[in-house]
Every structure is written in C-alpha cells, then in structure tokens.
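Presented sequentially are two complexes of chain A, the first with chain B as partner and the second with chain C.
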Partner chain A sequence: MNIVKQKLAAFSFATIEEKGKTITVTVPKENLYETAKMLRDMEGTPFDFLIDIIGMDYGDEGLGVIYNLCCTHFPAYLIALKTSTPDRENPMLYSVHDLWRSAGLYEREVHDFFGIKFINNPDMRRLFLRSDWKGYPLRKDYDADPAINPVPLENELIENMETVPSITLKMGQPVESTRKLFGEEEYIVNFGPQHPAMHGVLHLRASLDGEIVKKIDPNFGYIHRGIEKMSEAYTYPQILHLADRLDYLSGTINRHAICLCCEKALELEVPMRAHYIRTIFDELTRIASHLLGWGCTAMDMGSITAFVYGMRDREKIMDIFEETAGGRLMVNYNVIGGVAQDIHPNFQNRVKEFIKYMRKMLKEHHILFTGNPIMRDRMDGVGYLSKEAAISVGATGPSGRASGWSCDARKIEPYAAYRQVEFKEMLRQDGLTFDRYVIRLDEIEESLKIIEQLIDNIPDGPYAAKTKAIIRLPEGEFFQRVENARGEFDVYINSKGDKSPYRIKFRSPCMTLVNALQETAIESKVADLIMIGASLDYVIPCIDR
Partner chain B sequence: MKYEDFKENEYLEEYVDELRRNGVNIFVGKLDDLINWGRSNSVWPLTFATSCCGIEFMCLGAARYDFARFGWEVTRNSPRQADVVFVCGTIVHKMAPVLKRLYDQMAEPKYVMAFGSCAISGGPFKSSYHTVMGVDQVIPVDVYIPGCPPRPDAMIYGMMQLARKIKVQEFFKLPKQPLVVRHCEECNDEANQSGLLHSVHNDGTEKGGKQ
Partner chain C sequence: MFDFAIVTSWIDQFLRSFLSAGWTLFVEFVLIGLVILALYAVLALLLIYVERKVCAFFQCRIGPNRVGPWGVLQSVADMVKILLKELINIKRVDPFLFKAAMFLVIIASICTFGALPFARGLQTIDFNIGVFYLLAVSSLGVVGILLAGWSSNNKYTMIGAMRSGAQLISYELSAGLSLMAIVVLSGSMQLSEIVNQQAEMWFIFKGHIPAFIAFVIYLIAGHAETNRGPFDLPEAESELTAGYHTEYSGIQFGFFYLAEYLNMFIVAAIATTMFLGGWMPLHIPGWEGFNQVMDFIPSVIWFFGKAFLCVFLALWVRWSFPRLRIDQLLNLEWKVLMPISLINILLMALLVL
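Then we have the complex of A and B:
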C-alpha cells in the first residue's frame, strides 16, 4: 500500500487520508478521470474491481460521488476516491465507464437519484424511476409530495424507454444528444416484468437475430421502494427491518452487515456467543438460498421435481429458524449488539440432525439432477464468463468464483466467527453455466462444514451486548463488507452523529449480476438466456432497493 | 376447518339471507350451487410475485403446504387463463400500470387477493416516495391477508375465504365480458379515462366518500 501512496503523492491536487486499510483520496472533478485511470492501470496493484459508486448530497457544498476501488491481488485494501461539484443546477462529472464495465449502471443510478450527469457515458437514462419522474429523490431538498409524482395510470412509453440521452464534450463544451437504442429493422422480444423465469420483476428487452441474442437492455425499477431514502428518516434499529427485505433470500446476512457496521462505528464489543449464533444463522440462510436457487434453476428448465425437493429441504431450515427466532422467511433475529433472544434448547440438536439429513440429500440431488443428460446438455458449454470480465463487471459471489475469481468476503476480511472456523473458498475455473450451478451445491457442503465446527462450541455468556436505548452513531463514514448468498453485500453509512444516518448505501451484488448477464448472453441462443439468468441467480428487489 | 370458525365474514351470511328472502329458481339455484362448488375448488392463480411474499407463495406450492389439496395448484403464467391474481409483494409506481393491465387481461369472473402488508397498505414502505399505498388503489381486492410475509397457513385461510365467497355468488348473473369501466365509478368523471378510482375526487371528497 505504500507504493500506492507514493504514486498518489505525485498528484499534487489529491488529498490523501489513511484510516485502517482504507485510503481516502479526494480529487477535484477535473482530475477524476486521470486519477481513476492511473489507479486502474497501476503496475503490480491494478485497482481493477470497482466495488460501488456512491452518490452524495453534501448540502451547500454541492453533490459528490465516492468510488470504492479494490485491487483483486490485495482485496482487503480499499481506496475511496472522492470528488464533488458545487453546481446543483446542472452537475456534471466525467464518466469512468470505459475503465470498469460495472460503472455504466452505477453511474445511471447516481444520475437517477442525484441528477449528476456523466460526460461520455453513452447511456444517461434514468435507471429505476420512469423518465417522466420529477425531481431527484435522494437529494436532501427533494419534495416528496405525492401530488407532484402521482401513481401513473398508463405504462411508460416504449419511445421513452428507447431514447437514450448522452453528453459528450465537443470543443471543451458539453453537448447533449439523443440516440435510439434499437434500430428500425431489429426484432425485439420483451421478457417481463411479469415473467415466470425472470425471478422477480426484471424487464429485459432483447434484440434477436433469428435465435441469437444480439443486444440486451435491462429495465429496473419495477420494485424500487426507495429504501435508502426512507432509511435517512429512520433510526438504526428500524433500518434493520428494511435490510431483510432487500435480498429476502439472504435477509439475515444483510441484517448482519448493518449490525456489524453499526457496532464498528460504536466500537461495541459483541459477545462471542452472539458471533457464533449469527454465523450459524448466516450459513443456514445461505444453504436455504442456494437450495431455492437450485430448485428454481431446475424449474426454469421444466423440472418440477427438483423444485419440490429443494423446497422440502428448505422447510427444515425454516423450522429451525421459526423455533428460535419466531419468523420463517423474515427472521428478524440480529440486533445491534447481538441477537434478539437466546437460542431454543432444541436448536443444537435440530441443526445437527439437519446436517446429517442435508448431506444425504445433497448426494441425491447430484444423482437426480447434476448427472442428468438433459440438464447437462442445457448447461455444458453455455454462458461463458471470463475471469477478467467477471472482475470488470464486478460479478462477486458464487458467479464470480465459478470464473476463478477469489472474492469471498468471509476470507478477505473475516467477520463474526469466520476466523474460528476452517473452510475452503470454492473456486472453479471454467465460468460456464454448469460451473455456476454446481458451485452452489459445493457451497452448501462447505456451509455444512462451517456449521458443524461451530454448533458444539457455542460459548456460554450473554447473547447480546448492552446498548443505549437510543443508538447514535459517532460522526464519520463507516463501511462493512459481508458475503451474502449472491455476492459481496456492502453497507456504507455516513453519520453526522444523529440517531439516523445522513446517507446509507447498500451495494447490491445482484445489479452486477445483471451486468454479467449482458456480458455472457450476447451471441447465445435465446433459450440459453433463461438458463444463464437462472445460474446467475439474481434477486430483483436487491437490485431495485 | 369447521364452519363456525369463519367469524369475520358476516356480510356473506347477510348476502345469502337476502338471496333466500328474494327467492331463487330451484333449477337455476341448484345449478348455481353445482357450478360454484366446482369453481371454488379449481381456482387457477396467476404466478405474479414482485418480492418477498413470492417466496412464501412458492412454499405454498411446494410439497409441505401443497395447495393442490384445495385444487388451486394450476398456476398459470398467462393472465388470460387465470381466475385469481395473488398480489405477492410491494406494488410501486412503475409496476402499477403493469398490474392494472394484467388484471384487465384476465377473463371474468376474476378475483384479487392482496397478500402481505405491502399489498394491503404499503406496509413497511409507507413512508416511501415510490410505493403505491395499497393495491386497492389500482385494482379491486376480494381478500386481504396480513403479515410480512404471511405464513403459507395464513394464505390457505385466505384462499378458503375466497372459495367461500365464490360459493355464494350467482353464477348466471356474473359479468361475462370483462367489465371495462372508463371513468371513476364514484364521481362519474368522464374525463378520467383510466378506469381507476380517484384517490381524491374533483369535488374534494376522498375515496369512499370521506370528506
């Protein structure tokens, strides 16, 4: 990291701060692209993984953007590249979409929420909200009066969806221009928003040449609930409940992330017992999620049997959750400082029974489905995602690991009880649909091993640390990375010392998976598009937030 | 489930009483009973899920809760073939016209179940700028099932309530064509071509006649 600091020191305009493993670099907006390019191409330590782009409203100081960068060789170290513009009327920044392919969607998101326009980004449509939406909701001066934006009565016009505005520089002056996304002669097929194989309300528009997919245009926002804006008015314990509903299949893990972030900020020591229980719950959630993913992959191919088997095994986990926490899908178990209540006396026995049962069933699942010739025909040799592409689009989690990218946040920065356990990070090299499918079953096995190591050794003691009745986070910025069932889920909290955050941002692992879909599905058959989507296993409410 | 356990729906009883008072032709009445018995035991739901409640809906379809026991298992992917739409999950501004269109595409007689607190009233996203505060602002709802998300058991209860509602309908008087309302039904505003109820009418009264 010293080399990085030396290189940055050569830039006289940059202010550098170091805190722990994070280096914060603040640059003027004119030098943003230059600095980003330097970091991206740095010899030895290229910062090739753009974790997230966070839009900020600094009030009177204008609007800003934070780029969180990570080097895949030293993934524990982060660079937060910051820039801001005082212009609130017509804010413009330079785009970095040609350095990281994931930046395109992130910049559209910032544009949608804050109204910042990115020069040179070829696609400056709104991402979540309709094109006729008035105002930029995450700005502090946004007027949320429902009379300004009433419930629309008609569908969004296709022309509005297809007209793509962009801004380029000509003779040093920004020029706005629009273009059509699809040509007159192109044959467009709509998938969704209500489509049984879309795993939610994603709207894909695919341009086809015969059976071959030529272009994909994803449309988000059909389940955008504005969780980030709502959180700015909620207290921290209230926000926890919204986190469950982001990616509901790994709700417990998302909630864990916010708890960890708040505990880090409060410098609160969480009892070891709570850490162990949380880790077991996280891994059970991961198994439940992968089982559902497995079943749905099978169902997308027409195999209802596998779906029923997957759901049957998942119900065992739901029973364990229900006995201890009281909830099935929304467990609502983690709280800031520990867990909500102690485990049920039956908990350990039932989990041990489940491990035995699951091992037996996993073998059966492999026999039933992994070796099935029809299924192998659909998955083998389809949907190749290279490691470079996975890093560039930021496809973390099982999908990235199937391409050989070691990106497990549990290994990079062990949290909770992951330091105490031994487990392998599952890696495959081929990056095909089949690899993404089989790596999930392998991860179930690995999660069972983690639970097995923890379940008999849950230490005695309190299950939660004492917290104040009203939790106020100290002033500052806090960042926490965890591994949820679909990839790296990050929480960024900017606190001004109040009982609710000034800005909270969740990194959605699923949005980058849609990026990966765009990357892999081009030039494949339209029937394979469904299988590639199923193997990436995205959850749409996580994207839309 | 015992008949006495249904306590909340007195209005259905009143409806049956009224029918009995007015008298029903014995042939048509018996045929009605037979058809409705068949209809209420073979309701085909549309697979429509926007978020979390959809997972519980999947649990309901799987082996443990198994709504096939009640004849509801034929989930249809096309609204033209579906009888009931389960609105599983939050409906937001961008989704509202889509849901409306799906509902319009369904053939009569059709039913709607609002599943979970988001579909009932906006639920945990009540303070959001982009959430529709209850699906009944967009389409009429027959059964509300509270919970966040409701358990599959709760959903079975709600489905049985709907089955009960179907049983007391007069099949031969049901609208055969999709009912196209081209104006707000409450205030008869012809200028409003969407067919949706106004949340606030032009004369200042709120939906449902509240001032």
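Then we have the complex of A and C:
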C-alpha cells in the first residue's frame, strides 16, 4: 500500500487520508479520469475491481461521487476515490466506464438519483425510474410532492425506453446526442417483466437472429421501492427490516451486514454467542438460497421435479428459522448488538439432523441432475465468463469464483465467527455455466462444514449487547463488506451523528451479475441465455432496491 | 377370449333388419363417431389425472385429492372450468387460420385414434395400408401447430412454431423407419394382420435385437413428436412462455391440451400394437397352461394395460429429464437416431431373409 501512496503523492491535486485499510483520495473533478486510470493500470497492484459507485449530495458543497476501488491481489485494502462538483444545475463528470465495465450501470444509477451526467458514457438513460420522472430523488432538495410526479396511468413508451441519450466532448464542449438502441429490422423479443424464466420482474429486451441472441438491453425498476431513500428517514433499527427485503433469499446476511456496520460505528462489543449464532444463521441462509438457485436452474431447463426437491430441502431450513426466530423468509433475527432472542432449545439438534439429511440429499441431487447427460450438454461449453471479465464487470460471489476469481468476503475480511472456523473458498477455473451451477452445490457442502464446527461450540453468555434505546451513529463514514449468497454485499453509511443516516448505500451483487449476463450471453442461443441467467442466479429486488 | 366382433355384427344385423343398407352404414358411422369422440374425451381426462398423480409421486407430493375420492374428479372439474372460460379475441391475428389451427391439430389426433385396434374385433377400419395411414394422419398435426404459431402474430409463438416444425418433421423420419422395421418383419401393413401374427410371440421378442432397437427408437421419436419434455422446445416454458399456443384461451387452448395428451396415448398405443402384440395376451411358446391363463384376461385390458405402461414410461421421462436445446435435439435425430434406424432396417431385413 505504500507504493500506492507514493504514486498518489505524485498527484499534487489529490488529498490523501488513511484510516485502517482504507485510503481516501479526494481529487478535483477534472483529474478524476486521470487518477482512476492511473489506479486501474498501476503496475503490481492494479485496482481492477470497482466495488461500487456511490452518489452523494453534500448539500451546499454540491454533488459528489465516491468510487470504491479494490485490488484483486490485495483485496482487503480499499481506495475510496472521491470527487465532487459544485454545479447543482447541470453537474457533469467524466465517465470511467471504459476502465471498469461495471461502471456503466453504476453511473446510470447515480445519474438517475442525483442527476449527475457522465461525459462519454454511451448510455445515459435513467436506470430505475421512468424517463419522464421529474427531479432526482436522492438529492436533499428533492420535492416528493405527488403533484409533481403523479402515479402514471399510461405505460412508458417503448420509443422513450429505446432512445439513448449520451454526452460526448466535441472541441472541449459537451454535446448531447441521442441514438436508437435497436434498428428497424431487428427481431426483438421481450423477456419479462412477467416471464417464467426471469426470477422476478427483470425486463430483458433481446434482439434475436433466429435462435441467436445479438443484443440484450436490461431494464430495471419494476420493483424499485426506494429503500435507500426511505432509510434516510428511518432509524437504524427500522432500516434493518428493509434489509431483509433487498435480496430476500439472503435477507439474514444483508441484515447482518447492516448490524455489523452499525456496530463498527458504535464500537460495540458483540458477545461471542451472538457471533456464533449469526454465523450459523448466515450459512443456513446461504444453503437455502443455493438450494433454491439449484432448483430454479433445473426448472429453467424444464426439469420441474428437481425444483420441487430443492424446495423440499429448503423447507427444512425455513422450519429451523421459524422455530427460533418466528420468521421464515423474513427472519428478522439480527439486531444491532446481537440477535433478537436466544436460540430455541431444539435448535442445535435440528440443525445437526439437517446436516445429516442434507449430506444425503446432496448426493441425490448430484445423481439426479449433475450427472444427467442432457444437463451436461446444455451447460458445458456455454456462457464463458473469463476471470478478467468477471473482475471488470464485478461479478462477485459464486459466479466470480466459478471463473477463478477469489472474492469471498468471508476470507478477505473475516467477520462474525468466520475467523474461528476452517473452510475452503470454493474456486473453479473454467467460468462456464456448468461451473457456476456446480460451485453452488460445493458451497452448500462447505457451509455444512462451517455449521458443523460451530453448532456444538456455541459459547454461553448473553445473546446481545446492551444498546441505547435510541441508536445514534457517530459522525463519519462507515463501510462493511459481507458475503451474501450471490456475492459481495456492502453497506456504506454516511452519518451526521443523527438517529438516521445521512446517506446509506447498499452494493447490490445482482446488478453486476446482469452486467455479466450481457457479457456472456451475446452470440449464444436463446435457450443458453436462459441458462446463463439461471446460473448467475440474480434476485431482482436486490437490483431494484 | 371374447371377440367384440360378435357385438358389432349383432348391432349391424339389428340395424339391417329394418333399415336399407345405405342408412345402416350412415347410422353406424354416426354411432362410431360418437363412441370414438366420447372415448377420446374420457381418455384425455383419465390421462390428465394419471399424469398429475404420477408427477406428484415423482415429486414427493400427493397430487389432486380434493374433488372426489383420491381426486379422481379433478380433471372433470378442470374440464368444466375450461369450457366455461372466456375466449379472448385477440387483435391482429389471422382470424380464420387462428381458429382453424386448433381443429387441424385435434382432427389429426382423432383420425389417428380412430384407426387403432383396441381389442379383438374392435377396430373401426382395417386398411391394408394401416401403418401408412397412422403415420400420414398423425403427422398432419404439425400443420396445425405451424398455423397456430404463424396466425397468432406473436414472436414467442412464431419461434415455437418454427421449432415445432423442425422437430416434428425430423422425428417423423425415425418414427416411420422404426415402424418399417416391423413391417419388414411381418410382411404386412395391415394392423389386424400385424396383431394376429403376434399371437404366438410379440414382435419385440420375435424380432430379436432389431425389434428391440426399433421399439426404443420409436418410443424416443414418438415422445418427441408429442412435444413433451424433454422435447418440449416448441412450448419451452422458460423461454417462450407457452410456445405456439401462447395466445389461445379457454377451450381453444383446451383443444391443444387434449390433443397433446391423446397424442401421448396414441404413440403408446401404436407402440403397443406394433411391438407389444396389441391386444394379444402374453404367450410363451411351450407354456400351454400359462398361455391359457393369460387368455382369460380380456383383450381390452391387455391393450390398455400395455398402452398405459408405455404412457407411464413417457411420464417417467417427462418428469425426470431437463429440456434439450434445439441443436442438440436435431443432432440427436439426424446424427444418432436416423442412422441407427436405417441400419436397423437392414439388420431386420437380414434377419427375415
């Protein structure tokens, strides 16, 4: 990291701050691209993984953007690259989409919520909201009056959805231009928002040539609830409940992330018992999510029986959750400082029974589906995502690990009880649809091992630390990385010392997976597009937040 | 063993006693038509129920169990529901072809169904080119499917119909060739003749290995022709929502649904007739006592028992395997099944010689 600091010191315009493993670099907006390019191409430690782009409204100081960067060789170290523009009327920044492919969608999101336009980004449509939406909701001066944005009674026009504005520099002056996404002759098929293979309300518009996919245009926002905006008015314990609704299949883990972030800010000592219980719950959630992912992959291939088997096994986990926490899908168990209540007396026995049961069933699943020749033919040699591409689009989680990218946040920065257990990070090298499928089953096995190590050793003691009735986070910025079932889930909280955050941002692991879909599915067949989508296993409410 | 020809000829003589020959024929046609339609509908309901139950057991579920004892009336209730459903008129379809398509599909299916020998003496019409007739009429259904996809004026249906066309025409070849192997063995294309020749021993045993290969190929190809999983690409749910019948509603969709189930039965019935001795009981040469016991079981039960065994095989495959991709589907036919069935005919010819 010293090399990085030396390199950055050469830039006289940059102010550098170091806090723990994070280096915060603030640059003027004119030098943003230059600095980003230097970091991206740095020899030895290229910052090749753009974790997230966070839009900020600094009030009178204008609008800003934070780029969280990570070097895949030293994944524990982060660089937060900050820039801002005082112009609130027509804010413009340079795009970094050619350095990191994931930036394209992230910049659209910032544009959608803060109105910042990114010069050179070829696609500056709004990401979640309709193109006729007035105002930028996450700005502090946004007027939420329903008279300004009434509930629309008409569908959004397809022409508006397909007209892509972009800004380029011509002779040093920004010029706005528009283009059409699809040509007149293209055969465009809608997948979604209501479609059996879209796991949620994702809307893909695919241009087909016979059975071959030529172009894909994902369209988000059908289930956008504005959770980040809502959170700015909620207290921290209230925000926890929204976390379950992000990626509802790994709700417990998301909630855990927010708890960890708040605890980090409060410097709260969480009892070991709570850490153990949380870890077990996280892993059970991961298994449940992977089982559903496995089943859905099978169902997308027309094998409904396998889907039912996946659901049947997942049901056992739901029952365990229900007994202890009362909730099944929305477990509502983690609270700031620990867990909501102690575990049920049956909990340990039932989990141990489940481990035995699951091991047996996992074998059956492999026989039923992994070894099936039709299934192998459909998945092998299809949907190649290279390691470089996976890093560039930011496809974390099992999808990235199937391409050989070691990106497990549980290993990078062990949280909760992950330091106490031994487990392998599952890695595969080929990056095919089959690898993304089989790595999930492998991870189930690994999660079982983790649970096995913890379940008998849950220490005695309180299950939660005492917190104040009203939780106020101290002033500052807090960041927590957690591995949920689909990839890296990060929470960024900017607090002004109030009982609700000034700005909260969740990194959606699924949004980057849609990026990966665009990356891999071009020139494949329609049936493969569906399979690639299933193997990436994205959850739409996670994208739409 | 009871010969249904006794009943049919009695009805014939009864009618002739007070009607002229032409009128007798007319009344008989109407009667047979009604009987076949009724049997068609009842079988469809039965098959839907069987499928739902079998599928439920494969999936560790119970299946329908509320309407009637063990849910047997479930498919009747579903039929009433589908009859009462609104037929949605869709703009920008080709109205004539849109409506004609479903009739084409179901007529092709009924025509094939009508020509099957259900039991001793229970066959509507006994052509001397019976096998040709079955192949020709059953493949008319693809025209209906193509028209349905085309006239719906929808992108999913269009892709579904094109896939269906490619699939059905390809698999028709190996289905036909595998049946030809039996024609070579029996030396006749008349269904009654083929069944009678199997009195001693079913063709699947008589024909040694070639007959068995032909049987397996026919089951695969026939299964593919019914558009059911793992060959359900034309209606691949996860890609094309419902494929060629996306735009149909109510009983219009019901016709496609009915035809799909009956086609499954027809494939099983043809396999039964050609390979498993039709309505002939299981005879083992030399075991006289055994053969006589077998003869006590009515021929109808033999026929439907064997046909339902084949249906069960189809269901088993349907609920176990994932769907193929279009290129794999065509590879399987043109690179595997086709050459094997050609060689198989040659083998069969050598065996007969």
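Methods note: the second predicted complex is superposed on the first by the 545 of 545 C-alpha atoms of A that agree within 3 Å, B and C clash if a C-alpha of one lies under 4 Å from a C-alpha of the other, contacts with A are read in each partner's own complex, and residues count from 1 in each chain.
Keep this in mind: a residue touches a chain if its C-beta (ideal position, glycine included) is under 8 Å from a C-beta of that chain, and two chains touch if they have at least 3 such contacts.
In this text the structure is predicted, and so the values were computed from the model without any measurement.
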With the two structures laid over each other on chain A, which partner does A:241 touch: chain B (first), chain C (second), both, or neither? first
Touch test for A:308: chain B only (first), chain C only (second), both, or neither? both
Which partner chains sit in contact with A:298 here, chain B, chain C, both or neither? Use first/second/both/neither. second
After lining up the shared chain so the two structures overlap, which partner does A:223 touch, if you call chain B first and chain C second: first, second, both or neither? first
After the superposition on A, what does A:331 contact: first (chain B), second (chain C), both or neither? neither
For A:187, is the partner it touches chain B (first), chain C (second), both, or none of the two (neither)? second
Looking only at chain A, is it chain B or chain C that touches more of its residues? B
Chain A positions within both the chain B interface and the chain C interface are 195-196, 308, 312
Under the definition above, what is the set of chain B residues touching chain A in their complex? 47-52, 54-56, 58-59, 62-64, 77, 89-90, 92-98, 100-102, 124-125, 127-132, 137-138, 148-149, 151, 194, 196, 199
Across the complex, what residues on chain A touch chain C? 187-189, 195-197, 208, 211, 298-306, 308-309, 312, 368-369, 372, 374-375, 377-378, 525-528, 530
Which bits of chain C are touching chain A when the two form their complex? 55, 58-61, 155-156, 159, 229-230, 232-233, 236-239, 241, 319-328
In their shared complex, chain B is touched by residues of chain A numbered 128-130, 137, 142, 144, 146, 149, 151-156, 193-196, 200-201, 221-227, 229-230, 233, 241-242, 245, 248-249, 292, 307-308, 311-312, 314-315, 318, 328-330, 540-541
